[in-house]
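Structures are listed in the sections that come next.
First subunit A sits with subunit B, and in the next complex the same chain sits with subunit C.
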Partner chain A sequence: MNTLYVTTQGAYLSKEGETVLVSVEGVKRLQIPVHTLGGIVCFGRVMCSPYLMGFCAENQIGMSFLTEYGRFLARVQGPVSGNVLLRREQYRRADASEFSIAITRFILTGKICNARSVLQRALRDHSDKISHQEVEQAVTTLGNALKRIESINNLDELRGVEGETARSYFNVFDQLITHQKDDFYFRGRNRRPPLDNVNCMLSFLYTLLLHDVRSALEVVGLDPAVGFLHRDRPGRPGLALDMMEEFRAFLADRLVLSLINLGQVKAKGFTKAETRAVMMSDDTRKEVIVAYQKRKQDEILHPFIGEKVAIGILFHIQALLLARYLRGDLDGYPPFIWR
Partner chain B sequence: MQEYLKKDCIPCATINAAPEINPVIYPEADLLPLSALQHLLFCERQCALIHIEQAWVENLFTAEGRIMHERVDSGRSESRKDLRISFSLPLHSLRLGLVGKADVVEFHREIRQNGNKTSDLVIWRPFPVEHKRGRPKKESWDKVQLCAQAMCLEEMLSLEVPEGALFYGKTRRRVDVVFDAELRCETAETARRLHELFASGKTPPPVLTSACESCSFIEVCLPHALERPKSVHKYLKSMVGDP
Partner chain C sequence: MMVLVSYDVATTDEGGQRRLRRVAKMCKNYGQRVQYSVFECLVDPAQWTLLRNKLEKEIDPEKDSLRYYFLGANWQKRVEHVGAKPTFDQEGPLII
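Let's look at the complex of A and B:
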């Protein structure tokens, strides 16, 4: 489940036999067997041969093109594949409000649980540096929301709870930043464009996460565009965004916090444009990518299937479990819950 | 067709019989991949994951197999005095409802006395040879796939195909296979089950066996976790409460 990230400007990727060949200005830099790859992500001015693209599409190796700053541009996709029966079931469920409500509730349960765990972990690990009262208050709010959503039978109300819990979580997020507080602060979520270093890193990690979740859904044969919590909108990968919810806090947010708190990123790795938009330097972006890839190799016990798996495999397992629920083999969708 | 095949293996009794004896045939649109037979025999769930869910897992073994087939898959043919060889020959059987390709089909020249006429009769007898990556198996999976190819050839060429061979990459040996009544029955029955599985559109739940550990689909199938899945509602109840 490795992902190849190509950030070198002017790089050229091609297929040579069963390998991906990366060359820069005609000089071979890297050659990797294709079957060890789960995805390829290209940043900025990176070129690919059509044969490599076709090969990736055929072998379900997700391939995305992003701008140098991580904004999504395009994705390579071969002929529509996967199980049409499963996709139809997904559409039927998305059209039936009863099912949409049920799935949304499962997704939110995962999201809120994991956000709460991040706050609780911080309280435990940094009790000396955190204003307990506020964070504990947020933990309580999230806990109450978990109980409340059990009896909500209306999508808009569920989305309302989602908004409330996200606000109370992000209200105390700044407290979890315990080092370099002058350079890294969080006053609320902004993303188009990100206006501070923390939002810049969050957005970038969410993009990486979205790529992985989306590929996993496609491999399982689900349509990443048709979501439940996220309403359909052309160009929006609704289901991928839905499934990302359970991973945001546990994977992306915590990674941002540890990069800052352990001093792996520094203020000088960010630049500010005239419009206050914040961008990462190449080195910082590389640092973030490497940290994300490393994190995906960590093993964790999956609480539902009871097996030890690499974090990078979690997306696939969750996509599979969702497919099993849609097909009626499970009595619900079990989100990944981090303890 | 399905009813017909259920009746005690009539297909094996109808070899080289007049085609009109067999009234029911599958329409072309309903033909299924011949290669699915071996998947079905290995594991019904794996077969459904590949062909219904369209899941594919590339690993060392499948990559090796694919490269080996790409080499064979050149669509060439060779010709000698008593032997012609066709590579990746397209096949189908409307009786079995299968479509696919044979890696290699050898055509062996046979000369038959043509009754009381003076000229001899020349027959090019098809002899399918399927290439397999591994070594010979005790199960009949490979033999069934080969037999299905033979039955396709018989139907398409109206010739008896009594024998073929499996070539194993690990041992680099050819194993001759005789298409006897028993193997033909098993092949027809497997094809029938395959059509049943496709018609249901459902992926059977996993059954954990010793074969699971070496199966390339283990991470897609999750047999350990999903053979008897936990209740999601109980799981959430236990997870949501204060840790």
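Let's look at the complex of A and C:
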């Protein structure tokens, strides 16, 4: 399922028959049958007709509105749909601490495993360019954390482990940047606004990822707002953030690294505002979107269902597996683990 | 899979204009217009059955004709475009 990204300012999206019509200043630019789309993401000053919004809601096409620079603004949601029983079960489990702990443990296992694989892969591929000791140290820390979470029965402690692992992972992240080191460096995660080129790309990709994960959850009828690791907070898509954890390192972080290391992005594609906030130029943003979309089309062997699937479909598979676990059809939630 | 649908609808007789309009609209809902009465439709087998059914109900088999060319999943290799009105790849990145 493809995603339509509209970055042209002043574009107008409307519904014609069963197609999405994109026009700019009254001139038709694209007309595409709605069934080929899985989502629409609008950047900045893009207008949509209410009928298109309704139609997308009906056909389970996620619609997100972001600022020109990729900060999330709003999402369009149609009438409540999906399975009430499933959603109720989700709420019940979110309220019961033992279940929340179990699900959080599954999610963290996925997250830490995948972060560790990213580091291990770097050790293997670029052993000559990175400081072994530090990265190996981080790999060990993550490995130990994996063993530790098995026996933790407290949500806050689990979150503590998550924080620790994230810290040791991001501590060595800069090592994985092997080219253009003067322009692209990582001195820790910062956001709202991102203060360097790397954080700028990371934040942007996380937003794109969140849109996709969230749509997948809605398609299977789960409530993206009620999470387990991320607790309820108004306006925060807790469950979508939970499910994103297993994909961050594997999809977004790795993409940032390859964009930099292969020279697909350059320092001149970024600008710094007076507030020290770093922004991408239009061309760079397009480059990042194209890379992300291409990556989603790559096929990968899913370790749990044992089938070859496109990476873009992974979100839907994971959402389905989570729904099955909540329904009691599975004894556990198998997170996506990259090998 | 990709199916190329082309049609010829007799517009001279009564109701011809109406049939032509409706056939075009159906094709538009499922695919991309590449020439006046030629559409490239990216569909799965279920969607194709639906579209085909709708089209065949609409036309007058005495006067109109429909032709389908099945290009399969590896259709990219089988299509070339020369000249005006370039098309877009429905499966590629869609950025406007």
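As a convention for this text, the second predicted complex is superposed on the first by the 339 of 339 C-alpha atoms of A that agree within 3 Å, B and C clash if a C-alpha of one lies under 4 Å from a C-alpha of the other, contacts with A are read in each partner's own complex, and residues count from 1 in each chain.
Quick note on the criterion: a contact is a pair of C-beta atoms (placed from the backbone, for glycine too) under 8 Å apart; a residue touches a chain by one contact, two chains touch by 3 or more.
Bear in mind the structure is a predicted one, so any value in this text is a computation, not a measurement.
Contacts of A:29 after superposition on the shared chain: subunit C is touched, whereas subunit B is not.
Judged by the number of subunit A residues each one touches, B leads among subunit B and subunit C. When the shared chain is aligned, no partner comes close enough to touch A:206: not subunit B, not subunit C.
Once the two complexes are overlaid on the shared chain, A:250 sits clear of subunit B and of subunit C alike. By the touch criterion defined above, A:109 reaches subunit B but does not reach subunit C.
Touch criterion met: A:306 reaches subunit B, while subunit C stays clear of it. By the touch criterion defined above, A:18 reaches both subunit B and subunit C.
When both complexes are overlaid on chain A, the residue A:5 reaches subunit C alone and has no touch with subunit B. In the superposed pair of complexes, A:117 makes contact with subunit B only, with no contact to subunit C.
In the superposition on chain A, the residues of subunit A contacted by subunit B and by subunit C overlap at 18, 35.
Considering their complex, residues 25, 28-33, 41-43, 47, 88, 90-96 of subunit C touch subunit A. Residues 18, 35, 59-60, 81-83, 85-86, 106, 109, 113, 117, 120, 143, 146, 219-221, 302-307, 313, 316-317, 320, 323-325, 327, 329-334, 337, 339 of subunit A touch subunit B in their complex. Of all residues in subunit A, those touching subunit C in their complex are 2-8, 11, 16-19, 22, 24, 29-33, 35-36, 286, 289-290, 293-294, 297.
Residues of subunit B touching subunit A in their complex: 52-56, 58-60, 63, 67, 201-203, 205, 219-220, 222, 224-226, 229-233, 235-236, 239-240, 242-243.
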